[in-house]
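Take a look at the structure set out below.
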Amino acid sequence: MSGPILQLRDVSLSFQGIKALNALSFEVARGEICALIGPNGAGKSSLLNIINGVYRADSGSVTFNGEQFIRIRPAHAAHLGVGRTFQHNALFRHLSVLDNVLAGLIRHSRTTLLEHAFGVGRDRRETREFKRRADEIIAFLDLTRHRDTVVATLPYGVQKRVDLARALVGRPSLLLLDEPMAGMNQDEKHEMSRLILETNASLGTTIVLIEHDMSVVMGLSHHVVVLDYGRKVGDGSPEEVRKNPDVIAAYLGTAH
Amino acid sequence: MSFFIETLVGGLLAGVMYSLVAIGFVLVFKASGVFNFAQGSMVLCAALTFVTLRDKGIDFWLAALITLAVMVLIAIAVERVVLRPLVNRPQITLFMATLGVSFVIEGLAQIVMGASVHELDLGIVDTPIEIGGVQVSQFDLIAAGTAGILVVALSIFFNKTRVGIALRAIADDPQAALSIGIRLQTLWQIVWGVAGFVSLVAGLLWGARQGVQFALTLVVLKALPVLIIGGFTSITGAIVGGLIVGAGDSLAEIYLGSLLGGSVSTWFSYVLAVAFLLIRPAGLFGEAPIERI
Amino acid sequence: MSTIGTEAIEGFNPSHETVQSTRDRLRAGSVVVLLAALAGIPLVANDYWLNAVLIPFLIMSLTALGLNLLMGYAGQASLGSGGFMSVGAYATYNLLLRLPELPLPVSLLLGGIISGLVGVIAGLPSLRIKGFYLVASTLATQFLLEWLFNQYGWFSNYSTSSSISAPRLAFLGHDLSSPTGRYLLTLTTVVVVTAVAARLARSQTGRAWMAIRDMDTAASVIGVPVSAGKLKAFFVSSLVIGIAGALWAFAYLGTVDARSFNLDRSFQVMFAIIIGGMGSISGNFLGAAFMIFVPILLDHFGGGVFGGAVDPGQLENFQKALFGALIVWFLIKEPRGLAALLSRAWTRLASRINR
């Protein structure tokens, strides 16, 4: 398929009269890493929430893989191949790393309640197959030694990687990462950047991410979109954005 | 037609009494995000304490004062012993904890003061009077009037005083409430204390109406649909919800009950509440929370 | 950083895995011993023990299991357990009465399935609401069902009293109406249903339930079918509770009585899983044991402690206050209930053995 994987046209959203997003339009090309930047409250998370259907836009449209949506449900978005990680910890905290990752495969399941209850039919084979795929991703993200640990007891940086594994295991074509490096130290950020680049390169996943650390964004992304108070103030390659006077005024110029 | 109006008016008057219990819930919910299932047992406990004191020959006002002190002490104890250790836990856990509290209060109150049915005479004669061709119970009218006055007083208290403003603030942002200069825990204790006072008034009115007995705790089950219909965070909602449930129950008992064979009031308000929930999950006057992830 | 601390300790403790496997062996062994003991009990126990202690304990465990699947695994709180028990009891009664050619296990299962379907309808509001709003809507179910079975005579075959006597219990020509027969019927049902439910809880269905419980928004975003998962939880839960209700009527009380499935029963079941441990299979048995044995113990020893004759009403009040206080204590101190306490005890024992 050719053309952009994701297209937003005039998307607006408001909460109780306050505009979070104002007639926002941009495109994400297939196979690129696109960073959304902007000060807190610029509407970045809201934007991700619209793309995968957690929020409903007041107006405008989202086109994913050539299909246009006014409203998409989160589960439907997942089925179409939109993966997502979360800014705040949204793991299944009482489950092990393996179970968290396996949950990311449930939408690919073909087995029924009865097969699960009695362990008959395709259930055993599917369970084996899913475990294999989960273990593959767990190894890819260097989580093997935490495989059977309950996630709530893991350090924050590791939890962020589990979140990524859970999103990645279903092999999404578009992956939305909401501040994947928040609260990490320099080493952890470095490691996470490497994993994101490797995901993009070896699996061919298109990635849209939100990040505050400018050095990370500039080193990682092919394409940067700058938001300020729900408006787009910059859109282009990292170099172009860095030179854009509006962007400097709105964001880069302020002490961050 | 006049029969219809009589049923409606009777229902509305009973509804005001439901509102009274529901307001106790709203206050506690606004302050601490707890659906306090123990409100019903607090009503029973208040009525039992008052009646027991009166039976010992203690003066009406003194008995009321002592009961109020007991209720405030219970409220503060619940806040300290149960809610404080559970802060930051899921709402449903807090709900189950208040369920446990209601069993403790009911059990202890009946161990100390007995489980037999007590008469409670507030000195209000209950002869029906006629207003504009409609028969109305005088007791219900006075009870509804009392409840109404209390509702207005509470609204003023929570809209005009520092405590009230802080209370409204913490629903949005606990930090902001602190900047008003009232400690969160002090605020909780004040609110639970007021909830204890509301229980006392509700306990007296309901106790005088049905006798002071275990069944008083069941008013909590009537108040729940009231809250769902009105919204958990709105005093206005509690009043309107109470009126809707009161009127709905008595009209349903007469008109729907005759079709289905009676006793529909045991479930009617709940089915009504579920219908409201499905159409407007935050209630008529509640605010829907924005889900953030 | 306590989390890093425990990790470090685990890393420095090479025997950790052996302790864990010893613990699992100890656990499995104790389950086998317990099952053998339960199967052998009719040889030694008298009828009082079977009728008044073991049968209600086993059925209460099954009811708790049903609610635990819904509340402990799928995170959907319900106070409708009593109602679903009554659906199972009345459905099975009518199947035994109107289709006597069906074998007993089939009638029990069909009764459970009917209860499960009612559960699906009762679970529909869970697609829009959660928390205690959902509790309120399950209360609507509870009250509606109580009223339904009281109001319409067809369900109780127009019996004049509100309680109706159960049909004779028999399977493959064996009469099961003796205490031993009813006990073995109950034990077999409980073991089979528990085994299936335990498997389900570990399967993909169970994983989906726990995902919905822990974080429903994230679950839907990663493609877990949240609505279907909730309705399945309501179905399976009500099915199990329905079978338990039928056993309660036929194997325990010997009568179908709507009053024994009232709101107090729903509270009792919820308390059993809070005390026993939410999200745990063994917790159901521990919680049920607690709810059934403690009142009996209080009854027996209450007289001694309080000096002679004790008003049974007072004992009941005391019990109520005690249970209420325990609920609060468990919620504050050990939200995973007796099961977590027991699991820690096994680990301690295992590490002592390995030393």
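Letters A, B and C name the chains as they come in the text, with residue numbers starting at 1 for each one.
FYI, a contact is a pair of C-beta atoms (placed from the backbone, for glycine too) under 8 Å apart; a residue touches a chain by one contact, two chains touch by 3 or more.
Remember, it's a predicted structure, so these values are computed and weren't measured experimentally.
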Exercise for the section: Taking the mean of all protein CA atoms as the centre, name the chain whose own CA mean is closest to it. Expected result: C
Exercise for the section: Could you work out which chain's C-alpha centre is the most distant one from the centre of chain B? Expected result: A
Completion exercise
chain A and chain C have mean C-alpha positions lying a whole-number Å distance apart equal to 40
Practice task
Find the geometric centre of each of chain A and chain B from their Cα atoms only, then give the gap between the two centres in Å, rounded to an integer.
Solution key: 46
Completion exercise
In whole angstrom, the CA-centroid distance of chain B from chain C equals 32
Handout entry: Contacts with 2+ other chains: residues of chain C
Key = 217-218, 221
Practice task
Scan chain B for residues touching two or more other chains and write them down.
Solution key: 291, 293
Exercise for the section: Send over the residues of chain A in touch with two or more other chains. Expected result: 54, 86, 90
Problem - In the complex with chain A, residue positions of chain C that touch it - result: 1, 3-4, 6-7, 196-197, 199-200, 203-208, 210-211, 213-215, 217-226, 232, 236, 279
Problem - Residues on chain C engaged by chain B in the complex (per definition of touch) - result: 77, 125, 128-129, 131-133, 135-137, 139-140, 143-144, 146-147, 150-152, 217-218, 221, 267, 270, 274, 313-314, 317-328, 331-332, 335
Practice task
Could you pull out which chain A residues touch chain C in their complex?
Solution key: 52, 54, 73-75, 77-79, 83-84, 86, 90-95, 99, 102-104, 106-107, 109, 111, 113, 116-119, 123, 126-127, 130, 153-155, 166-167, 170
Handout entry: Partner chain C, residues of chain B touching it in the complex
Key = 35, 81-82, 85-86, 89-93, 95-97, 99-108, 110-111, 115, 221, 224-225, 228, 260-264, 266-267, 270-271, 273-274, 277-278, 281, 291, 293
